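What follows is a group of structures, each given as structure tokens.
One chain, chain A, links the two complexes that follow: it is found with chain B in the first and with chain C in the second.
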Partner chain A sequence: MHPIELVSITKRFRAAEKGSGEITILQDLDLVIEQGKSTAIIGRSGSGKSTLLHIAGGLDSPSEGRVICSGTDFATLDDRKRSELRNRHIGFIFQANLLLEDFTALENIMAPALINGVRAKDCRDRAVELLERLGLADRMNHIPGKLSGGEKQRVAICRALMNRPEVILADEPTGALDEENASDVENLLLDLVREEGRSLLLVTHNQEFAYKCDNVYLLRNRNLTLEKEA
Partner chain B sequence: MNPFVLTWSRKRVLKRGRLTSCLILIALVMAPLVCALIFSDSMMAGITSKYIYLSDGHLQVNWNGGRDLSDFDPEQYGSMLYSCDEVTGGYALMYSATGTTNIMVKGVGEGYFNSRRMEQVTITGAETDVASTSNIKGIMISRSTAEELKVGIGDRVALMIVPDDVDKVLRPVLCRIDGIFWSGYDQLDSLLCFIDLDYAGTLYAAPGSTCLELLVTPEYMEKLDDVVEALGSGYDITRWDQHNVSVYENFVTSRQMILIILLLVVVVAAFYTASVAQQMIQDDMQDIAITKLIGASDSLVRRSAFLSVYTVTFIGMLLGIGLGLIIGLNLGPILTWLSSMGLKSLSFYLLDFDITVPWLQILLISASLLVISYVSIQISLVKTRRITPIRLFTEL
Partner chain C sequence: MIMVGIAVGLVALLVISAVMNGLQNAQMDQLRNLESFDLIVESDTLTAGQLESIEGVDMAFRFLETNVLIVDKTSETSTSARIRAYDGDVYNSNRMSESLFILSNENPVGSDGLFISYTMTRNLGIMSYDDIKVTFLKPGRTATIVPYTSDMAITGYFSSRMTEFSSSTAFMDFNLLSSVIGDEGARIGIYVGGNQNKVVKAIEALDPDAEVITWQQYNNALYSALMLEKTLMYVFLAFMFLIICVNLKNSTRRLLANKQKEGAMLRAIGCSRRKVNAIFLGQGMVICLLGEVAGVVLGKIVIANLQNILALVDRISRAVTGNATVLTQIPFNAAIGNVEIAIVCVFVFILSLLFTSIGCRRIYKSEIMEVILHASY
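Our next item is the complex of A and B:
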């Protein structure tokens, strides 16, 4: 059983202009995210990388095809079960870190566990451990507004790993960071994913970062081409 | 309860100004409502007491052509009856040098103003009985009547007795003011005056002008029908509310209307909480989408938002009830102070009354607030369904 498997995925959007019909972004695309492996998808802006990642994470639905997460087809689930599956099996990291502004760094990291029904005192140790590993122990009680861009992104990485998900989906996680911070975050993310034995699906236009992954695909002409295989 | 729901709600309650203003508004709505309930209930209970103790007793035993009133033996009903007093009276016009007023003359005997009745009135210038001391008979009038006729203790007034027998002629009687009483309820006070029972018997000689006023013991105050039944037949026995039908019905109608109006105010306040919930969703759209992104279901988000608004509603309600109780329990001094400050209209109301807290009605409006808020907040939170994580990337 693979953490995520995309089968014959097609995604069409209604065109912005009236009467222009539909635009096909992804066409009959297959992708398997293997257990413990990191996979990067590269491609030009507007090629559909983010759309593919949204579909893989159950945030968006394909026009055709199936998304199977840990053996379960997303399309067969209601909102509660789909949310539960996302909470337990997938961690998300985005370019905009998407942290809860009223929550402290520690609370943001604990949030997925709290949603999963784990009491704060039972998940606090794990959250603190993650913060310490990413060098943010002294920032745990700061709200996101008091953190730098790099720190926020590290908090987002911690949050993605909190529930020990099978797979991490990362969309341009270093896109908003300066070179030094970006390099730090890249290495931290890849190290953590390896140490924790998680799978990674990375979407980026940063070729250097992408080629640090086990597998690299190029998204072009609505489909994937394997560029690198471990 | 899910730990995230608690954390989210705590954050919202503590940090959102909108929720704070909701809390204040609910408290400010509930406080006057509770105060109004205490005021209306206490005042009505107070006025009822004045009617019972000064005007009619709990029960009146009237001669109905059968057994003579003197045959009635109150000792037989010792546990039920606190007192039994013979009263003779009728109507008269009272004159002074400067004014005239209609009045009900009550002839009462020694001991009529027992300790329970004395709790309801303040008497100046006379012993508690109004026995005559000279050929000019003594009379006790109310403070409001004295003010209206511009007379005081020692002054004389004339009573034009309205005869209770068609064979009698209208005749004036001169009286000396021996005492002035004040019960705190001017509307009733201005109708009453007290004279000696025996003398009243000479003025109102018809058998129907005399009755027995019964006060029941505290444990039978709410069981007057049981007492009536125990007293048996042979007399015409009426309860105070049957004797003052219009007063009693006014009270009942007023209480119902007040409660309905207060419930309507509560409905408006409850719907306000729904609009606060809607605004909160609007403000927190991004946070809701992020929460769903990391695995919160729509029902979990709704529970979190609901708990925030409902907690605030509940705390506001408790604060309002507390504030209302504090003001309500001090209404007597507040009203007396307002009256003394020149709010003359207050003098038509009872100013001196015991405070009773209508817990049942407070519970009713509180429950209404909670139920209507519950439903309206839940309905307004249906909108969270439209907030999906994908909107983070397309719209927000």
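Our next item is the complex of A and C:
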């Protein structure tokens, strides 16, 4: 059983202009995210990389095809069960780190576990452990507004790992960072994923970052081409 | 801002209700003290003393009432009037003296005198202590009623805040009037200090044939009008708060539009649409409750100090325009009951929650992916 399996995925959007019909972004696409492996998807802007990632995480639905997460087809679940599955099995990291602005770094990291119904003390212990591993122990009580871009992204990585998900889905996680911070975050993310034995699906423009992953796919002409295989 | 909006809206609702209540209560108090008392009892067997011994009755007294023609002997001007006759001590009772202001004589009802208002003296053109002729209609030996004219002196003057009452009513000693028209028509007026319904039941138990008229029945037309006025006031206040709520809805929508990113993030980390909606509604509830607490506290402070505030506005108006306002000329005690406050709060809470949930619909319907992509660029 794979953490995530995409089967014959097609995604169409209604065109912005009236009467222009639909635009197909992804066409009959298959992808398997293997347990403990990192997979990167590269491609030009607008090629549908983020859409594919969101479909893989159940944030968006495909027009055709199936998304199977830990053996369960997302299409068979209602919103509540789909949210539960996402909470337990998938961790998200976005380019815009999307942290809760009114909460501290610690509280942001604890949020997925609290939603999962884990005891507050256990949540705190796990969040502190992650913060210490990422060198943010002294920043745990800071709100996102008081953190640098790199620190915010590291908090987002901690949050993604909080529930020990099978797979991390990362959408341009270093896209908004400078070169030095980007390199730090790349290494941290890959190290943590390996140390914790998680799978990673990474969407990025950054070829160097992508080729640090086990498998690399190029998304072009609505389909995937394998560029590198471990 | 939303909290401030709710608090200010609630203060406005509470203060306006309290002022309207105060003005209506003042009017009703005048009616109950002078015109109709709390209860009027017609009974062949019961005496004022018996009724006064009922629990909840502050005072019971007999009174007579008749219509007369009053003529000023000097100017020959005349006016019709109603004469009410009580025993002397009733005039100085607490409730009566709250509304009946004796201006010229501490013991106004002499053995042969009439106690009238300044309004009536102006109508008749009477000078102080002029002689007058009063024509009564009294039971005759052969006819049912016959006119009887008597020379009388004015023994005192009064005023009241009820212009109609003052211009149409004169007072007289009970024994004097009963010597002219007899005491068959005497009734008993009652001031109630306790539960009015219990007192009515006690009277009916004492004399099942007694006719008991409550002040609401006696002043039915005016009482109904006051109740209608009160109901309409609440309807208008509800409309006023609806306007506040429309602003509330728009503010909530703007606030939640800013929070869409937060909602999308919560959904990405595992909150269902329903849960996200519940979180934002919960926040709306807390804001609403805090606004209500602030509104009630502020409203109570304003109501408690309303006379001082009106006096201050009056002073400022005098200083700026040189003219006094009417704000301090009508005495009333602004008052609002806890039940009324609770009803207003529940109404405000329901409306606020309704409009907050309408504002939340955008978040409920928004696609996470679109919000996240929008946040990324």
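Methods note: the second predicted complex is superposed on the first by the 230 of 230 C-alpha atoms of A that agree within 3 Å, B and C clash if a C-alpha of one lies under 4 Å from a C-alpha of the other, contacts with A are read in each partner's own complex, and residues count from 1 in each chain.
Rule of thumb we're sticking to: contacts are C-beta pairs under 8 Å (C-beta built on N, C-alpha and C of every residue); 3 or more make two chains touch, one makes a residue touch a chain.
From a predicted model like this one, the values you see are computed outputs, not experimental measurements.
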Clash or fit: what happens to chain B and chain C when chain A is overlaid?
-> clash
Does chain B (first) or chain C (second) touch A:116, or do both, or does neither?
-> both
Examine A:172 and indicate which partner it touches, taking first as chain B and second as chain C; both and neither are also allowed.
-> second
May I ask you to decide whether A:87 touches chain B, chain C, both, or neither, giving the answer as first, second, both or neither?
-> both
Please work out whether A:60 is in contact with chain B alone, chain C alone, both, or neither, and reply first, second, both or neither.
-> both
Which of the two partners, first being chain B and second being chain C, lies in contact with A:209: first, second, both, or neither?
-> neither
Mind working out whether A:107 is in touch with chain B, chain C, both or neither, as first, second, both or neither?
-> first
Which of these chain C stretches, 133-141, 169-177, 223-231 or 313-321, gets into chain B when the structures are overlaid?
-> 169-177
Across the two complexes, what residues of chain A are contacted by chain B and by chain C?
-> 50, 54, 59-60, 79-80, 83-84, 86-88, 92, 98-101, 111-112, 115-116, 159, 163
Residue ranges of chain A touching chain B (in the complex, touch as defined) | 50, 54, 59-60, 79-80, 83-84, 86-88, 92, 98-103, 107, 111-112, 114-120, 159, 163
Mind pulling up the chain A residues that touch chain C in the complex?
-> 50-51, 54, 57, 59-60, 79-80, 82-84, 86-88, 92, 94-96, 98-101, 111-112, 115-116, 159, 163, 171-172, 175
Which residues, counting only chain C, touch chain A once they are in their complex?
-> 261-262, 264-275, 367-369, 372-373, 375-376
Please give the residue numbers of chain B that touch chain A in the complex, ascending.
-> 2-4, 7, 11-12, 15, 287, 290-300, 388-390, 392-393
